[in-house]
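Per-chain numbering from 1; labels A, B, C and D assigned in written order.
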Amino acid sequence: MGFLTYLDRIDRRIMYLLLAVVVIVPLIFPIIRQKTEITPEVMKAYEAVEKLPTKDAPRKDYKIAVISVFFGPGTMAENRPQMEALVRHFFRRGVPFGILPFDQAGTTLAYNKVDQIAKEMNKEYGKDWIAFSWQPIFDQTLQAMATNVPRTLGRDKRYNAPLTDTKRFPIMEGIKTAGDFSMVVEVTPSGTVPAWISYIGQTKKVPIVYCPTGVMVPEGYNFLDAHQIVGMLPGLMGAARYEAALGEKGFATRAAGSLSTSHVLIIVLIILGNIGYFMSLRQRSSS
Amino acid sequence: MQHANWLVYLLEGAMVFLVLYKILSARAGRQLFIRRIPGLSAIDEAVGRSTEMGRPMLFSTGLSGIGIVALQALSILGHIIKTAARYRARIIVPTAEPVLYTVAEETARDAYESEGVPEAFNRDDVRFLSGDQFAYASGVVGILNREKVASAFYFGDFFAESLILAENGQQVGAIQVAGTPQIMQIPFFIAACDYTIIGDEYYAASAYLSREPTLLGSLVGQDYSKAIILALIVIGVISMTMLALTTLPFIERVAVSLSEALKG
Amino acid sequence: MFFVPLRGYSLGLAIGACVVLGVLLLFLLTQVPHRYRKPIIIGVTFLFGWFYFLEFMIPGDRATAPVRGILRSAEHKLRLAQTDLEAITVIKGQLTVQYVEGGRTVKRLIPKDELKNLELDKGEVKVVHEDKDRPRLGEHDGVRRVMRAREIMAAAVADLRRAKSEIERLRPQVQRQLDQESKKAEAEAKRYKLTKEMLARDEQGNILNQRTKALRKRIDDLKDAAQKKIDPTIATIESARSELGNLSTADVESIRSVAAAKVEDVSLARSTLSDNFLTPYKETASNINAVIGSFAIGLGVFGLMSLHGKTIRRRRRGWINSLAFYVALFAMALVGFLQKYLQQKSGGQILSDALYSGILFNGAYISLQATMFSLVAFYIVSAAYRAFRVKSREAVLMMGAALLVMLGLVPIGQWMTSGITHVGWLGSFRLERVQDWIMTVPNMAAQRGMAFGIGVGGLAMALRIWLSLERGAYFDKQL
Amino acid sequence: MHGIGSVIISHKEIIGLWAGAICTLAIFSLLYKENPVYRLAEHVFIGLAMGYGVFITWSEVLQPKWWDPMVNKGQWWWALAITPGLMYYFIYSKHNVWISRIILGATFGFFSGLAFQGFANTYIPMVGASFKPLAPTPGEAGIGAFSSVFNNVIFVVVLVAVMGYFFFSIDHSARSVRHTAALGRWFLMFAFGAMFGATVMARMALFIGRVDFLRTDFAPFVPAWFWYVAIGLVIAAVLMYLTWPKPPTKPEEADAEEAAPS
């Protein structure tokens, strides 16, 4: 009885502790096994990446993929797992790619993550992947890339060396215009994908994979229906589904797990609260 | 739409006319009825409580910049301070915009003076905290905890920080009243506050509290304007339904020209 | 021409004169007797509102009026044709699909729109055969409708052509005006010996003052309307007509959607051409507003500094924090200015940039923001725990909706109803679909109901303030 | 000095990460209770925000829109903007405070004038979007037709009921009015619940993001012992809290519990 009435007024600190546990533990140890079904828009993205030319492709159709990093710390929880899932896929298939940051704080966040993955899959910077330097301006950069990529993007992030230095960066061999992009992955919390579509996607016939945050998803489907983007990873769950398609259990899968656990925790707490509420009501009426 | 079209002329013209007409008739001394708004009746109770406990109150204008929302919040603030000044109760007003801060300060000073206790006004109690959303939130949280406020009022534009403020107020055991035109934040205020005024009631507040004929008249005028919108929607729904069922060219023309005008 | 750019001493003199004038004005204002003060404020308030009010209420200028008229009628016709197209019943092409279930391949006949759901259910689904039915035109005398749709479309196309020719007639005129204007401006530039950076030029090298800017924008708009909006519309509608011509159109939907998109284009073209004589000055007005407004930041800085300064001087409790405030404030501002204004790649600039972008901004400031935001995750738990009790009917409703939506969003919830098939009406009872329905139907409607009230309230308040009818705290004071 | 400078330049990201981690933990400490560490972080935060605000106001608004045109482009008339700018500061004067009201009045005028366009662009399209046919359009058939009609009916009913709730000048003693309004209020509560539930996920993602920051970006730069010590401290704090002698629940907490959601 005493315990049941205590359920009416559980101390908030205990609830916070519980939340911290149910979120952090599944993040670190993949204990939550849940079937994440692969929705069509994610499958389309996966298949598009499967078709990309690898770095051993003959010179004439050698191209690199570009991951546009538009997220900052605010939305990195949703956006970085999306980037991670695609990066793993690129590395696995040996698709050469560069990360192109437009958000100043996001530059480091994205770089750290890719660097970490590259280390564990022992890939080589400058050969398998490259990080371009932070681009403060957006639209003009896209337009300029249509004509000349190395001059527009200038230098890389790690060595701050010019991208034209193909001895150091063999990955940039023969990459001249945006037409040499095999794919653009737009990881963004804001409505930036139309610019990519109009400047690069439509004009240069480059397939675009769109990775929006949860709130931006609905309008993303319009682009998908109009075939302006080849695929989409809607929010954190999208990243988890992509990992499911990859057959991996990466951060996104674990994060999806802790999303589930946290929601369940809330629901359980609500139920407990109501039990306690009834108990204390009965106690009052009886006393 | 970049410029008004016939529908806008019609709609906004009608609204302006109705509001002005009602204001004038109210000023001419016509009695007007306003239904009870529970959340607002709770304000005086909250003020009274904090005076009993001898602990300060907090009135947050949220992130509102100087604008319509903020001015509405300030007229509520004016009412609260007048009530507070009668009991010499202390009220802290953190703001998020420099200009609003000065206006709020003047409002507070006037309210104390009008109650004849100018010495009770402490300039440091009206504060500019920060224009940054979460810096502001952290500041208000600090005040809530350190000053052990007995009652908290949240009127203005609130965004994601609404729950941070309201939960902390809840934890220090303040009695809280909130109202915001930001629809997405209302559920969190409902969950964490004792009284929440919903949506449109926010703009009814000053009329309801002050019983000033001008504002009452305007409020009734707003009701009529809403009635017009409702009527327009009903017409639209009917014409659309008819369009689905019949093939009368007249109906089509009505529906089509309406949808054109509404798209701008 | 009074507003001419100056340079050198004359510029200094002019600025000085402006300042002196300003101070004089302020002094005069202090001398205004009390009874005149309120009227002055009322007048100022009204006038500043008047600008935006007129800018919105006055329709576009006379030059482009005919074009807009024609476009409007074309739009109207297209929308009418739209309603006809909507009314054509289409039997969805039946699909013969084939998929693997429990090791053996199953063949089934399904309606087209069920395919996606079936894929969700069964994974890989192969379409064996698709029989395209002709749209059934029996109901609602469809034949007549199609005929009429085609007629109207033809009329609309004719309108669009007229609009185009009208535009073509207009463009050279505007061009001429523009040339005259820029000539005038050039002459002025010579007369007053203006240097290059004193003149805003565009890529054609014309000098841009307010008027030329407006004209240039007008030309661009005309070009855009003619080439990006009208031409494609004509082409699409023509093709749509010919498709409708032989009554064997398999996908009326696609024609519908295309036509709909084009209608939007036309109305867009109309709105881009509807600048009135005040529109070019909107930008200037907002600039003035921004500049004057940002002078007020001093108020905030002084307020905060005096508050914390007092705390430090009187060694009140927590004066260390106030000191920390001062340090942070000056560090951030100073470093910010240094990394911007020290000359590039100088040692100091690199250091201040490291401090600014590396440590203070991306390190501390951003983390503080993100973490403060993430606190909501915890508070949402305690709030839900406390608020969602079975106390009143309303609380129950809130709780029910919240639970349904929460479950519908996470995999565990979706797993709970994963037993139900996607296909058919049963599928709409899967939690994720229920969640979607709640958000898009009842929730949307309720929000809109609230929004109208809020909008009206805001408009009424704006009106009261504009006409200085507002009462309450700030507005009642005697001056 | 130069030595330190070079160290900062070369290690700026590590220092930044440490700063970030410390700030993160300092803010999270608020969840236990308001404490000196949080207080310090709060004041630093406000200071940083203010400093940034000053810098941005100059570099984003005043310099490009005011200083450059005036000084470099010779548009001397921008100097006239100083006067209204100064008017704000009369707020501090006892007798001439009304001068600040002139510029404020101008500001009020600006946004009041804009309100008309704002209303037209925000709410009138909403009106159009609410025109839902209550019968199947000839294009539809089968389940689709039924469900769309059903949804539209629900939509219109909810909309009307909710708008009905917000009529203030109608006396709710009349039966039909009272029922409509009550219905509207229930719909509102249902919608609020839905909004609440839909927001949870995004907020959880934010917390996950911070954890990810500590794990992925920060952790590689700290020795393992740091974590053991930190975890130990956290557990110790929790144990101490759980065994700490509690005072009886304070009265205001008690009635805070009872306060029902309005």
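Keep in mind that, in the parts below, contacts are C-beta pairs under 8 Å (C-beta built on N, C-alpha and C of every residue); 3 or more make two chains touch, one makes a residue touch a chain.
Remember, it's a predicted structure, so these values are computed and weren't measured experimentally.
Looking at subunit A and subunit C, the chains in contact with each of them are D. Contact counts per chain pair peak at C-D. With each centre defined as the average position of its C-alpha atoms, the distance from subunit A to subunit B rounds to 39 Å.
Averaging Cα coordinates per chain places subunit B and subunit C 24 Å apart.
Distance from the subunit C centre to the subunit D centre is 19 Å, each centre being the mean of its Cα atoms.
In subunit C, the residues that touch at least two other chains are 56-57, 87, 140, 293, 296-301, 304, 361-362, 366-370, 372-373, 375-378, 380, 382, 384, 386-388, 391, 398-399, 403, 406, 409-410, 447, 450-453, 458-459, 462-463, 465.
For subunit A, residues that reach two or more other chains under the stated contact definition are 12, 16, 19, 23, 73, 108, 259, 262-263, 266. Within subunit D, the positions touching two or more other chains are listed as 13, 16, 27, 30-31, 39, 41-42, 45-46, 48-50, 52-53, 88, 91, 107-108, 111-112, 115-116, 119-120, 127, 130, 137-138, 156, 159-160, 163, 166, 188, 192-193, 195-196, 199-201, 204, 206-207, 209-210, 213, 257, 260-261. Shown here, the protein chains touch in an arrangement that is not a line, ring, star or fully connected set. Contacting chain pairs (ordered by label): A-C, A-D, B-C, B-D, C-D.
On the side of subunit D, the complex with subunit B involves touching residues 27, 30, 33-34, 38-39, 41-42, 45-46, 48-50, 52-53, 88, 91, 97, 100, 104, 107-108, 111-112, 115-116, 119-121, 124-125, 127-128, 130-138, 156, 159-160, 163, 166-172, 188, 192-193, 195-196, 199, 250, 252-253, 255-256, 259-262. On subunit A, the positions that touch subunit C within their shared complex are 10, 12, 15-16, 19, 23, 34-37, 39-40, 72-74, 104-105, 108, 237, 240, 256, 259-260, 262-267, 269-270, 273-274, 277-278.
Residues of subunit B that touch subunit C in their complex: 1-4, 9, 12, 15-16, 19-20, 23, 68-69, 71-72, 74-75, 77-79, 81, 97-99, 101-103, 106-107, 110-111, 124, 127-129, 131-135, 137-138, 160-161, 163-164, 166-167, 170, 181, 183, 187-188, 190-192, 198-200, 202-204, 206, 210, 212, 214-215, 218-219, 221-222, 225-226, 229, 243, 247, 252-253, 255-257, 259-260, 263-264.
On the side of subunit C, the complex with subunit A involves touching residues 116, 119-120, 357, 361-362, 366-367, 369-370, 373, 377-378, 380-382, 384-386, 388-391, 399, 403, 406-407, 409-415, 418. By the touch criterion stated above, subunit B contacts subunit D in their complex at residues 1, 4, 7-8, 11-12, 32-35, 37-39, 42, 53, 66-68, 71, 99, 102-103, 105-106, 129-132, 134-135, 138-139, 141-142, 145-146, 150, 170, 173-175, 183-184, 186-188, 190-191, 193-196, 198-201, 204, 219-220, 222-223, 226-227, 229-230, 232-234, 236-237, 239-241, 243-245, 255, 258-259, 262-264.
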